[in-house]
Amino acid sequence: MELRVEDAIQWFTKVNEKIQENKDYLTSLDQVIGDSDHGINMARGFQEVENKLSTQEYQEVADVLKEVAMTLISKVGGASGPLFGTAFLKFSQAVKGINPVDYTSFTSGIEEALQGVMHRGKATTGEKTMIDVWAPVVHSFQEAHDFEDNPFLKVAKQAMEDTKDIMATKGRAAYFKGKSIGYIDPGAASTYLIFEALEEVIKGSK
Amino acid sequence: MKKIINDPNLVVQDMLKGMVSANPSAIKQLPETTVIVRSDVPTVNKVGLVSGGGSGHEPAHAGYVGKGMLDAAVAGEVFTSPTPDQVLEGIKAVNGNAGVFLIIKNYTGDVLNFEMAAELAEAEGIKVEQVIVNDDVAVEDSSFTTGRRGIAGTIFVHKIAGAKAEQGAALDEVKSVAEKVVANVRSMGMALTPCTVPAAGKPSFELKENEMEIGIGIHGESGIERKEISTADEIASELVHKILDDGVHGPGDEVAVMINGLGSTPEMELYIINSKVNEILNEKGIHVYKTFVGEYMTALEMAGCSVTLLKLDDELKSLLDSRSEAPAFLV
Amino acid sequence: MKKIINDPNLVVQDMLKGMVSANPSAIKQLPETTVIVRSDVPTVNKVGLVSGGGSGHEPAHAGYVGKGMLDAAVAGEVFTSPTPDQVLEGIKAVNGNAGVFLIIKNYTGDVLNFEMAAELAEAEGIKVEQVIVNDDVAVEDSSFTTGRRGIAGTIFVHKIAGAKAEQGAALDEVKSVAEKVVANVRSMGMALTPCTVPAAGKPSFELKENEMEIGIGIHGESGIERKEISTADEIASELVHKILDDGVHGPGDEVAVMINGLGSTPEMELYIINSKVNEILNEKGIHVYKTFVGEYMTALEMAGCSVTLLKLDDELKSLLDSRSEAPAFLV
Amino acid sequence: MELRVEDAIQWFTKVNEKIQENKDYLTSLDQVIGDSDHGINMARGFQEVENKLSTQEYQEVADVLKEVAMTLISKVGGASGPLFGTAFLKFSQAVKGINPVDYTSFTSGIEEALQGVMHRGKATTGEKTMIDVWAPVVHSFQEAHDFEDNPFLKVAKQAMEDTKDIMATKGRAAYFKGKSIGYIDPGAASTYLIFEALEEVIKGSK
């Protein structure tokens, strides 16, 4: 498959549904090693994304991604807002002019997204953040050759689970030091939901 | 969850409305933003001071907007740093062509959102500088992590940088005095109860009837150590010693002291803490120049307090003493 | 009961020590008493102002001691009015030969103890006058009973009588302006939680998770009506309307508004209340001259708030606006 | 019997014991229709009375009563301090120079005490205060002819119980209006303890 404007819209429509469904769950993760707002933040942001996407017209995938980015940046706040916003902004810039987005372009897009998050957050893998899901997913895209044969969802799920074992060194969870071990990182969980939604779009278009 | 609110999603909006109607001549809200500014912004040829952060820390930060202190305070959702576009509105509104100075508490969210706003402002040709406040000694000071949090010590940065700017100092001078405050201010907090984010509806952790948390922040996150409640004197001693162990304040120094209530601690208890803090500092030969007791940087209705010490020199003393019209810090 | 204290029997003593060490140049404690006075008492030829009452209402009353407000505040045990000998010490210390004026909240205990002190002072040749503040409209205004309680409105009496005395007014002039304030000030409160007197160790009543008390006082006594928690707007409306129904404040009037937190209510919630109070007053054509939002008269760690309206004329406005150096009411 | 200095001292020593034993009980009564401090107030005051009486010397009963009065006035605070203080001050004045105090003088003493409380508190019977115990006890003294045949304790107990049925119109309990019905008045309960102690002194001296 290739990702068309309507696929991109469907992707984020599904992300919003999942975020809304998991709002309390995400907040509860943030209650343990954060400040109890991650689900609230994400739900506020993606609801607004959905409001935008369902009423505006877009020329190309990059426009959708940019709308997502700008909306998250201006509606989410906290750490996750600028980070997810930067991710989709970089993604958008990488695929600008390419429509629909083929597998290779998509891969460079999420590579750029990951770089954007790492640069913005001054963080790397193994610090118990959303990067610990983004990075293995990017790797999975680099290894595979098309959307359909790419086990990125399994990879994402495992990566999310594995954040339990990490001691946080970035973000709010770092204040808990050793006590942060044993819990899933909230941003990792929401990143997983984003890729779960992507998988459904891919499956649906088969 | 018992709160005097209308709708958990509207608390910030309702609060800002109430703030402006309480001080309609001194402050105003920028239309369709969560930014509170001095009524007279931009003050031409004065460095504009912008701070802010998540809501739930009232009177921080809008209470510190006023002549001699902040020009703008940007409010985020409860415990959530505000977004770059809001911060940008604040920056633009206070830019009187002498540049804008940002006072940021060291949280990933605050740093990222304010930094993005600064980038956007610079792209519009506004000179922006910033300081990051990280006074909380409860957290390890490590270059491998996010490092220490900004808590009640931030108010001293607002006051002193605000006074400097009011004197007509240049952007780099404001920055350097703010950095001096950051280098000399340390805080440490404790809590008896958690607090509840309105939209979350339940407290972020639980404490038994006989337990307290030492080293707690201002966002309902649990602290570094949970133990049995001790006496006020023991609590005061533990907080002060943890600060003194950081090595910034010692015999012969002059300090400003802040005993900050986190939300539901009666002022009576804050004064009981102050009594012991004062006694310990006297014993150590540390001279108390000025003391502030009250609610300056809260965490909703959390019960507990923090102690802040700021080492002073002549410049800081005179800036601390100079006039401020900010409702929450009148001097 | 979670409190940051050393010994329930020493809370007042420890607190007073902490207050003085926070403001050593502005106030002092009379030796072996629970009386806090301005450092410069007695101010010769100025009427001396004395107030006080049980502790647990901080910043009332010692926070209101300062130039332009009270000369002395006499602290009793928690929620227990101080004894006549203590009040007498306060009266003697502030007597600058222009007489002494007592501001008493209308509780049997306060009235009796202050009256006995006044008798003793008069026996020593000191001229003493007094006003009894009874602003709480929750209680029926009946000549057959003790009548209405004095609550947050008392602060306006301190401020305005204090300003009048500072101007050099005579004792009867101070008394008459204080009586004017009492005639024009009304308050009404509500609470979400009870509070715990340290020495009693348990709360005075219980409220369910969904209940609030309307018409509560400031001593942990339960209110006049218990009902399901409603929205901030409904609460604000109920409190304001109960005050307006008393008939003192109406269209065309100018008022000062005080939104007072009872102890553990976040400032955010007080501003949410203020937003609606302001809106209602605007609708009724009542002009808000000045608004005070914060903790002025608390009941330990009780969650809740009170609304106070004071009808102003030109004299009251100018006295309200005149300079005050009292730490809890800087103007 | 006649009341001698040592009887008066014993009376208030016993009052103190009873107040300390009933401190929490008295506070709990004040929790319902007051401000939770009556037991604390009375315990603080009578402990100080005991400290004084056990170390000072007294010439006559009136001196003991005056010491009790002044100590209560300066240590109790609240409504009860000035009221009990005034009661014993008036009592002292009434029996000044009479030592030991015979039944008739004692009776005029507590008559004066009652008048003092009523005058100071601007209250009368039926308002649910300590007066509702003082007044019937005074009446019982007026009716009887000596300490031994005087049923004042039974009278006091009944009077204390009867405060339950009264709606308060004075003191803090008045704020509760109708809701004050059904509960014993705290000051009535402590007044009862004062007379219970007196009865024991009378019995002991028989």
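By letter and in written order, the chains are A, B, C and D; residue numbering begins at 1 in each of them.
One rule holds in what follows: a contact is a pair of C-beta atoms (placed from the backbone, for glycine too) under 8 Å apart; a residue touches a chain by one contact, two chains touch by 3 or more.
Not measured: the values here are computed from a predicted model.
When chain centres are defined as mean Cα coordinates, A lies farthest from subunit D.
In whole angstrom, the spacing between the mean C-alpha positions of subunit A and subunit D is 76. Taking each chain's centre as the average of its CA atoms, subunit A and subunit C sit 54 Å apart. As a whole-number value, the distance joining the C-alpha centres of subunit C and subunit D reads 32 Å.
Residues of subunit A in contact with two or more other chains: none. Under the stated contact rule, the graph of chain-to-chain touches is a line, running from one end chain to the other without closing.
Interfaces, counted as pairs of touching chains, are A-B, B-C, C-D.
Those residues of subunit A that touch subunit B in the shared complex are 27, 31, 33-37, 40-41, 44, 73-83, 120-121, 169-172, 174-177, 179.
Across the complex, subunit B meets subunit C through its residues 2-7, 11, 14-19, 21-23, 55-56, 58-59, 63, 192-193, 209, 212, 229, 231-233, 235, 259, 263-276, 278-279, 288, 291-293, 295, 298, 300-301, 303-305, 330.
Residues 54, 76-86, 107-109, 112-113, 116, 138-140, 144-146, 149, 197, 199-200, 202, 204-205, 217, 219-222, 224 of subunit B are the ones touching subunit A in the complex.
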